[in-house]
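Two complexes are shown next, each including subunit A; its partner changes from subunit B in the first to subunit C in the second.
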Partner chain A sequence: MSTEITQIRTPAEKALISLYTSEKDRLPGNDAVKALRTEAFAEFERSGLPHRRIESWHYTDLRSQLRDAAPLFTAGSSEFEDSLRHVQPKIPEGYALVLLDGVFVPELSDLDDLPEGVSVCSLADVLAKGDAALVERLAPKGLGTGDPALSLNAALMQGGVVVDVAPGTEVAKPLILLSVMSAGALHAAYHRSLVRIGAGAKLTLFEIVDAVEIGSNQQNGAVVIEVGDGAEVEHLTRISRQGADAVIINSVLASLGANCQYDGFALIADGGLVRRQIFLRFNGEHSTAGIRGLSLLSGKRHADTTLVVDHAMPHCTSREYFKHIVADEATGVYQGKVIVRPHAQKTDGAMKSRALLLSDSASMFNKPELEIFADDVVCGHGATVAQLDEDQLFYLRSRGLPRGEAEQLLLEAFAAEAVEKVRNEGARERLLTYVSDWLAARK
Partner chain B sequence: MPAVRETVETVRSIDVDAYKYGFVTDIESDKAPKGLREDTVRFISAKKNEPAWLTEWRLDAYRRWLTMREPTWARVDYPPIAYQELYYYSAPKSTEGPRSLAEVDPELLRTYEKLGIPLREQEVLAGVQNARVAVDAVFDSVSVVTTFKEELAKAGVIFCPISEAVQNHPELVPKYLGSVVPVTDNFYATLNSAVFSDGSFVYIPPGVRCPMELSTYFRINEQNTGQFERTLIIADKGSYVSYLEGCTAPKRDENQLHAAVVELIALEDAEIKYSTVQNWYPGDAEGRGGIYNFVTKRGDCREARAKISWTQVETGSAITWKYPSCILRGDESRGEFYSIAISNGRQQVDSGTKMIHLGKNTTSRIISKGIAAGRSENTYRGQVSAHRRASGARNFTNCDSLLIGDRCGAHTVPYIEARNHSAVFEHEATTSKISEDQLFYCMQRGLSGEEATALIVNGFVRDVLQQLPMEFAVEAQKLIAVSLEGSVG
Partner chain C sequence: MLEIKNLHVEVEGKKILDGLSLTVKAGEVAAIMGPNGSGKSTLSYVVAGREDYEVTAGEILLEGENILEMDASERAARGLFLAFQYPVEIPGVGTMTFLKSALNAQRKSRGEPELQTPELMKRVREAAKRLEISQDMLKRALNVGFSGGEKKRMEILQMALLEPKLAIMDETDSGLDIDALRIVAQGVNTLRAKERAFLVITHYQRLLNYIKPDTVHVMAAGRIVKTGGPELALELEKNGYRDYVSEAA
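After this line comes the complex of A and B, so read on.
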């Protein structure tokens, strides 16, 4: 009766298996790292590409949506300069760390001007040396364990950076982690970075997923963040210049110490299929985490934001706030899970996801979950899906605004609410401009 | 506030042993052989003297069931169920169609008396004047008596055991049976389709407002039996019916399976109000025994402006797996779900609803209150979805959880799916504990900790209690106090 269903491998899964077989000896790492890669890939093989039967991927069926897995590709050094010229004007001011096709390129990065207290090394070097303690920190236990996309990332990671911010360091300018895909044929990149922020340090981290030219790339990137006691981190993510076929998987694995503050914000406006997943755990008391985001989706885009916030310690506060504007035939997905462990008393959690649907064929799926084992907590979530309010439109039109302008004004206000909490002023301004441009271009 | 006094009195009068309905009735019974085979299905069908189409329908379900797997997605944990160790049919021996109450086995009547169920037609429920309720009493696998039949017949209302309806209403049963919960719907519903024994059948003719509340009372008595009842309610155009369901079981060390299916069909402008007070034996404090309550309940607002409203008070069962749902097919139809789920001891509750918006301008409302105490797990799992063509769909969901003690868990898993831009969905959920300030305030006025808790909890669930018919509201309030017994301090 309970016969195991044998999985039929999709073309993309077959391609991934042959990709791993052909690349595994070339990927960086000593024997211990190779063993970990084998283990991670075996886990991926067991689960296959995530599909709707896997609860955390319920609305993003990668198995049916990923038609083919692209090969790895690294641009030749002569193309570096070229790529740089394309990308550089778009980068905000700060210390840039550049990953080209998933591989860290020191020549393109601002390594020389790094302020005191900040050190950067290449992930490939770390893996080659295979320092066991460091390698272990690249895959923090209990954060996203068993996630198929992360297993694939662990098996195939080509490069990345390991950043250390010494305790007490206040980094004045933002640190920019720029992951660029080179031009050319369809190719994939897998990268993972580790950012350790020492006790009492302050850092703004920009994570930019970009491409030299708009194309159909596949990127599976992960950032592991360790926030030390009393540290303050703002982590801003932007996914831009991705074609309508591009598949972007962006994972954040964050662990927070005591008395610290972590604020994340992500703008998703590009890419064909974007899956952003954040796994965050409180390891110390009295910490605050704010995870926010804005999705502007048009065409046939599919953007999925999935969070797991694990209140493992008492007296912590978390705020999740997401806005989605979904137009055309796009699909928005929000899954947020707040776990409050048995001893995490005095937890304060509030989660909100609000979506506006602008067309008849747009879809939005919300799944805000609470999983609570402690009794002395205040936790809540809210989720709404609606269209623009006719009353508000009427009000504006009665004051002489044409319908189009009235709509734009309301949409801008809706989106701005999510952007407001971004602390970095420059970034906030740029985000607001981006939102108005996007809305204006829609018409 | 008489309700408050009532609660306080109930809390005071609770026996040491909180579950009052745990006695066993010693009555001879007629059982099917143990286990489930095609023969068992044929045996049940033959016992009921069923027409051939139904026997085939059952066998078809049985064959489908063999290919299905038990669902594991719910947040409940239990050892594997030995389906071959169960009796799938058990009936009190002396009930070969009693013509009147006088013919019913007195032992059975005493059972229902003990349960406080009025089987004598002139009887009136305590505390409520002039309330008349027609009752269908189901004992293990068969319906033993249905009251007020004649008076209902005058109004054209059909209220009888489903086994009788199969014989007498061939124009209705084949047309509607399995039309809301298809045979292949899910593991337990398919099992039920194969072996369902009895249950209630209700048909309200067009334009009739059912003159009284209809009620079914389910009782599991035999050891090692599963109860598989099937309820089918059809409200024809412009009619109204309010239906109540209650259930209890004896205290036994083993776990018993209850896999029921309820199908509601509301045609144009019809309204069905379905209320449940579920009080199966929850098992003891260590989690021994108790009922596994795996129930499929679904209503279909098949035509325009139909309305279905589910109200449930879930206090019993070791495990509850239950999602009363509404398919809002007709334009401007409405679905409602009001729920109180209380878990204590080692109970596990995974319950919620589904509102499937298919028609235009359909509306739904979900109010769910979960209370977890002791070492229990209480999960709300709900889905609200709007189809592409369901323009103007509107939903409001509110689910609140209350935790009493630090060894229990409360979880919320909503799925909100909008495929139409004119859909407006709102969802809010909160989880908190009973505020110390409120407790302090009550205790300062002389209430004990337990009394104060019961009082606050009753306030917490008031929105839902108000939806219950009066007779049930009183009982439900008492139940809440009993369920929370021993959870404070």
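After this line comes the complex of A and C, so read on.
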């Protein structure tokens, strides 16, 4: 006798199924893309929303936390037009590429000023043409395969950009990938972008997840990054100004060539429920990856950073460094998995996670994991969860700083240590200002 | 300046100060000497406003005002300064940032205008020069990687900058070699003034050769058991605390 387990669909899962059914013919793409979407959605239907029994989603149970799945926004409405006007002032210095509600908006982007060697096309156009080789690169094999949030993203991707940086190009100003949600009723956006950095090129990519108005929207975005041999990439991310009910999923799928350098930093502040996941693989030797981040959490907000760093080649170095400040009833999650394949000798890996809890109801889950199959490697990890040091606080207070100011000084020092490794000076200053404003506001 | 009346203090149910009374007048340098465990450091922390101690009875008056209900920062703004026995290292907080924040927090609390950076820099540089504190030290994070002597000199620099009315020096001589001791003592002596009082807590008479006290108090088992002039310190150096310890017990 066989028993078949039928999973009971949650309201959000049902809403996603009807969303896909009604939208699939309107979403961009030729037949090959449609096949990809069908396959991805079938995979999502099999797994359902990720829940705590899936190890990599253990601390972020979307199945129970996502009460409903929001509809997509229809472009062309009056709210959309209105949003366009609000977005303009939010774009910082750099070459801006703007996604509004998941759809690339050329009118708001700096397409005419792009430096030589940088080309940008809309993902929707790429999908419509459906060049098989390019479509394949949008879903790189072995990076995040089977992840339910990524399956959903592939099935529903509405837009995004495909950026090519020609070999040897040094892009002076940051390329800003700004994803904003328009104001108005609760709605969702699914977008995916591909950034290919040619051999020896240098680029700062600044991904900003923002909203026109602080609201409760749902965003599932993914960026696929290919770093060519000898290239240098700094990939900054800021997830901010979201309502407490907002749900943000941000995935990074990075493949690194040989002798290249990838440095990632993400600031998560005021994000609602955030899941940031990075799947990074070394495809060449002698490359270095730094993956860093700072999450500032208050209220009942939740931020989960989950990494899978795959040392598939020998002689590569990875550094992971994450900090969390968790106040009130907020929850921080850090899961870092470093895999060292059997032939990946001389791998050098070091992972660190430090968290400060500011209240008795704040939670932090730290889960560093090393899976080492090679024997000649140096790998280590450390994770700490602490409170502000009372001796340090008393010392500062005894010099005249009221408790609030003393706390702010210590928190800024703690946070700044994570931000200071950002190389791009303008971006670093902007991030530090954001951090100190956030800390000042919580006092 | 400082008046402590019948102070009783407990930590986790254990009595540390047991009816301590003490008066320090403006312009006076008072020394408190006593054996280990007599409650000297507790006294300095309680006066400075640390919360881990439970005051079960008594009063602490600064310029006639009871400060027991005040936050440590408020006490500091009213002119109280504690030079720590073990100054705390604060990674990530630059020494200059700290000095500026502390000074301006006190000024703000007293309703005075903030000091601008150039004027602050000038004052810090002058004090640093007197205390043989290098520019390099001022550029580092507060007390991080400082030697014992450097930390103590940094305490005196803060004291010089904050210009307190009452400075408590908790075993400032511990861990100092003879040269550092001389620099620290000179730093204190420069600040002696008729409107400023010092409470110097020490184990040894040695420090009092450099900072000459007006009065010497002997502390044992949580209270002051004898008060006298500078000659009392010399007597203690010769005979030890034995007589007082047995007397208090």
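What we mean here is this: the second predicted complex is superposed on the first by the 429 of 443 C-alpha atoms of A that agree within 3 Å, B and C clash if a C-alpha of one lies under 4 Å from a C-alpha of the other, contacts with A are read in each partner's own complex, and residues count from 1 in each chain.
The rule is simple: a contact is a pair of C-beta atoms (placed from the backbone, for glycine too) under 8 Å apart; a residue touches a chain by one contact, two chains touch by 3 or more.
All of these numbers come straight from a predicted model, not from anything done at the bench.
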Partner chain(s) touched by A:Glu371 [first = subunit B, second = subunit C, both, neither]: first
First, second, both or neither for A:Ser363, with subunit B first and subunit C second: first
Partner chain in contact with A:Arg399 - subunit B first, subunit C second, else both or neither: second
Superposed model, subunit A: greater residue contact from subunit B or subunit C: B
Which superposed partner A:Cys379 touches (first subunit B, second subunit C, both, neither): first
Partner chain in contact with A:Ala416 - subunit B first, subunit C second, else both or neither: second
Touching partner for A:Gln387 - first (subunit B), second (subunit C), both, neither: first
First (subunit B), second (subunit C), both or neither touched by A:Gln345: first
Touch list for subunit A against partner subunit C, complex: 390-392, 394-403, 405-406, 409-410, 412-414, 416-417
Subunit B contact footprint on subunit A (complex, rising order): 1-2, 55, 58, 342, 345, 355, 357-387
Contacting residues of subunit B [partner subunit A, same complex]: 66-69, 73, 388, 401, 403-433
Complex contacts: residues of subunit C adjacent to subunit A: 48-50, 52, 71-77, 81-82, 84, 87-88, 90-93, 97-98, 101-103, 105-106, 109, 141, 158, 162
